[in-house]
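Labels A, B and C are assigned to the chains in the order they are written; within every chain, residues are numbered from 1.
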Amino acid sequence: MNRTVFLGTLAAAGLSAGLAGAATLDDVKARDELNCGVNTGLVGFAAPDASGAWSGFDVAICKAVAAAVLGDANKVKYVPTTGQTRFTALASGEVDILSRNTTWTFSRDADLKFTFVGVNYYDGQGFMVNKSLGVSSAKELDGATICIQTGTTTELNLADYFKTNNMSYQPVPIETNAEGEQQFLAGACDAYTTDASGLAATRAAFANPDDFVILPEIISKEPLGPLVRQGDDEWADVVRWTLNALIAAEEYGITSANIEERSKSTDNPEVARLLGAGEDDLGAMIRLDKEWAKRAIMAGGNYGEIFAATIGESTPIGLARGLNAQWTQGGLLYTPPFR
Amino acid sequence: MTIATDPPKDSFRLSMLLYDTRYRALTIQVVVLLLFMAGVAWLVDNTIQNLQTLGKDFSFGFLTNRAGYDINQRLIAYTNDSSHARAMLVGLLNTLLVSAMACAAATVIGIFVGVLRLSPNWLIARLMTVYVEMFRNIPVLLWILVAYAVFTEVTPQPRDFRLTPEMEAAGETPAASMLLFDSIAITNRGTSIPEPLFDRSLGNVSLGLFDVSLDLVALVAVIVAAVLANRALLRQAARIQDATGRRPTTWWKSLLILVLPPVLLLVALGFHLGLPELAGFNFQGGILVSNSLMALWLGLTLYTAAFIAEAVRAGILAVSRGQTEAAYALGLRPRRTMSLVILPQALRVIVPPLISQYLNITKNSSLAIAVGYMDLRGTLGGITLNQTGRELEAVLLMMLIYLIISLVISGVMNVYNNSVRLKER
Amino acid sequence: MSDTHAETVAFVRETMLPQAAPPASQTGAVRWLRENLFSTWVNGALTVLGLLAIFWLGTHLLPWFLHGVWNANSLAECREIIANRWGDEASGACWAVIRERWNQFLFGFYPSHLYWRPILALLLLFAALAPVLFGSAPRQLLILSLAYPGLAYLLLWGGSVWFPISAYLGFGAGIAAFLLLRRAGQSLLAPIVAVLAAVLWWLFLAGPVERGLQSMIPLAMEPVRSNAFGGFVLSITIGVAAIALSLPLGIVLALGRRSDMFLVKALSVGFIEFIRGVPLITLLFTASLLLNYFLPPGTNFDIILRVIIMVTLFAAAYIAEVIRGGLAALPRGQYEAADALGLDYFKSMRLIILPQALKISIPGIVSTFIGLFKDTTLVIFVGLLDPLKGITDAVRAAIEWKGIYWEPFIFVGAIFFVFNFAMSRYSMHLERRLKRDHR
């Protein structure tokens, strides 16, 4: 009898968990607003401008999802989160998506009970040093003082790397990127380590970028992507396929400029399915309307356009596509078919 | 006419719980207890439900897992293979270290400034007022950041100390040099100071959580013994003085007793200083006091010293002027007046605010987060919390530890406070 | 008379000498210098040291301030202007960043066409505080003091006018229930029912009433979201809200701590010592990380509100200690007199003890507020944009201002200083006045 009671409680708990989880899409629709967890300020990925409007690569995901679900890319409430508060914000339901350059790792997926819906940026941890140091490889950094941003996977990677290479180092933990740059420029650390994209962005903004080099070693894999709470597959699907739609749009050459035209002349059935121009209604399968993906793409353009506008080579960040090119271009972006 | 009668011995009625002062206190307490317990139960129930929804459990097992991150400033042995519990211990010791350093320095500076604010010197009194007002009215976080920035921007980089062959050939000297016979190097990463080394070391003894150097233990024991012996000597001198009226000369005996045994022990152990030396990227050898520690220490010290100065000033002003005049009338010199008459009375006023300032220092040391000093909040409440995702356990444990530190400090200081309190008859 | 003298003494002055000027060392600047700066050797040395310190600071910092540039669009431009004007080696402040971003430091991301609202709220705050702080202010202002919380909420967050009004109606419901029951002779039941009536109103009736009124007479201000709050608007909002909300709680805790009832006392002491024993930063972490665990599943309100709740609890413990000091400072006779008049506990507290104790506590409350106001800078660690580090980091993240360091700190520090210095001077003035009143 005790056993039944116990099982009953469990079932009730499971049910309530299921209810709480399954409701995200309805919640967002009822609220008519998407709560999106972003970085407190990382140029190119998520930063408010002088008037408080958010923009950046991670922010674009939020906008695309809002456009797909609510029909308006501006119906987003941005919740700035720190490295410490981000997971709690998502777990507690304060935000619906966390789009904050977060590395997809096993324990975050399994132990922290989140679902990573995909990868929007393939990154890796690197080192930046002053040229005058005469260092050309991370293997020569034995005994160096290294600035690291705390609250990320970075410090663990660093410890592992130096351990496997049998070297020693002095860590200087840093709270924010701005603080890290200041320390690094003042020479308080020999090397600055963070994701290679962050290093490039940081270096680009220096007064004299040519005095600094980014070492060739990439010591970790950092697949960054948006994540949602575990247990709400429907919502995870919405976010996952919105991201995929952006990537697919680039693959098929759909841009915000030609999207109207492409959705009329549907020579490619896959494009027609994606844009909701054909007979198939993919939107209905995720409880959205037919043109959800079209709106998502129109919000900020396809993946390539977003990349170019926020962190691409023409911006001050100046990142090359590298691994983040389409698979047809030798990159890793490869979306499952829309079918 | 009414006749005085006994108060009516009526039986207990329910309304008496509210209207009868004999029972009312009890009723209120029971109600409060019930409300309190209901509140706690409500919180606990919510927490259990929420944890269940998230699929998490409540356990401190994560403390035994491998931490995996490094800590640059530590008092006990620690590597990234150590457990989270040990990382927490390192952080706790760091918190205690910076708090103790800041308490000591702030007290000294605070007393100086407080006394100088009352100085007849117009300029100095004004300067000290400016100092106190500046530091009291601006958030301590700003002072910590400023101290950190000053340390990184003003002090030289380690490579400025380097003398390359080209420079030697050109007859140039390095941009920066070490202090005190090449024993202290101040860089923008930290200050390297000499470390004591023993050639014939007695080794360490492990006390479970950390190792204790037997050399240090021996040294402390010898010094304590020497001080005790010296005391016995002085007492005997005093006895002779009482008996004969003449005090034997003791200063050279005292000196011998105090100095000789420790020096002998140091020689026996083969004591020498390990000087920091520039090797590779950094100074090697010696003890490195990181800049984050220095900045936090300086920031906390200067900020709190301003408050302590005010307490000291108030304490001195609280002693009435008649006390000073009476002491002078008795023929006491100014210094003895201060130490025998003014300070003991002022202390009574000073000590209670001093206790709360010490507590403030301990609590404010959690601002280490701003400069990357790995204190308790940085390890347990920072990286550990972040890597394990155990925010409930980590934050509760952290609060508990801070609470215990605070209670211990205020307990110890209250004992002291009671000992200096005016003994009223 | 003079004749006799003339025989015995060789010379006698018959008239007074004209008054001579005092010696140079005893007049004017020289005397002042001697007395104030060089009275003893130690003093002289200290003076010289002080002058040296001032000189050193002046030579190092003054050029930097003087070379400041106000008109530029980026740090690089600033540096260029300084190099052109003062030579390549010169360093100077780049105040242009303040000129361009001052509004962010003050208002965060508050919509710029609505800046008048927080400013008006701040001015009204002074008006609302006037009857409390200055005895001479007209009594009618007390109505404003009572209405202020709702007014401030409306000004800061905007939204429907009926929301604060229906919230106030809850108090009205409580008071009405209290008065009715007391007239009916249920003086003990009255407060309980009053509280219940207010709570019931807020829980069940306030919402519909607000919506109903709103649909009948749509009166609303442009709503502003919490996440637009930042800079000093955020600091002052958190500080003032926390102090105001913590006062009632602090009074209850202080009375609880002085209570004869063991359990009440133990709980009050436990709460106060717990809060005072942990750093504010851990409480902020509780607000951002743990509060969601402690509240019923599905509850979710924004981080500013959660921070205000935790800061209120924090402030309440300190306020309680301040008020306890005020209670203890009252002469025993006041308590005894109240008892002698036959007043019960609540009446004696309300009519005799608390008015006096609170009055003595005002300086302490002001200094608690100063401390709290400074501590609001810690909210950056839970992701809110405080003026000191949050906004500064956001500004420094902008490409054009990357690498700027001291200027924002000096600007924000100066504002904090002005605010806090003024408040601490006021509290000292108050302390002196109260001291005189008391004798």
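Definition applied: a residue touches a chain if its C-beta (ideal position, glycine included) is under 8 Å from a C-beta of that chain, and two chains touch if they have at least 3 such contacts.
Just so you know, these numbers come straight off a predicted model, no measurement behind them.
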| item | value |
| --- | --- |
| Touch-based graph of the chains, sorted into line, ring, star, complete or other | complete |
| Pair with more cross-chain C-beta pairs in contact, given A-C and B-C | B-C |
| Centroid distance [mean C-alpha coordinates] between chain B and chain A, Å | 43 |
| Distance between the centres, which are taken as Cα means, of chain C and chain A, whole angstrom | 41 |
| Averaged-CA centre spacing for the pair chain C and chain B, given as whole angstrom | 28 |
| Interface hub residues of chain C, defined as touching at least two other chains | 285, 289, 292-293, 297, 381, 405 |
| Chain A, residues touching no fewer than two other chains | 16, 20, 84, 88, 91, 179, 182 |
| Residues within chain B bordering two or more other chains | 49, 53, 149, 369-370, 391 |
| Interfacial residue positions of chain C with respect to chain B in the complex | 35-37, 39, 43, 46-47, 50-51, 53-54, 188, 260-264, 267, 273-274, 276-282, 285-286, 289-290, 292-297, 370, 374-375, 377-378, 381, 388-389, 405-406, 409, 412-413, 416-417, 419-421, 424 |
| Partner chain C, residues of chain B touching it in the complex | 18-19, 25, 28-29, 32-33, 36, 43, 46-47, 49-51, 53, 116, 119-124, 127, 133-134, 136-142, 145-146, 149, 359, 363-364, 366-367, 369-370, 377, 381, 391-392, 395-396, 398-399, 402-403, 406-407 |
| Residue ranges of chain C in contact with chain A within the complex | 76, 79, 100-101, 104, 108-109, 111-112, 225, 227-228, 285, 288-289, 292-293, 297-298, 300, 303, 381-385, 390, 393-394, 396-399, 402-403, 405 |
| Sites on chain B touched by chain A in the complex | 49, 52-56, 68-72, 80, 149, 152-153, 157, 159, 188-189, 279-282, 284, 288, 290-292, 369-370, 372, 374, 378, 382-383, 385-387, 389, 391 |
| Residues on chain A engaged by chain C in the complex (per definition of touch) | 16, 20, 40-43, 47-52, 77-82, 84-85, 88-89, 91-94, 176-179, 181-182, 185, 205-207, 316 |
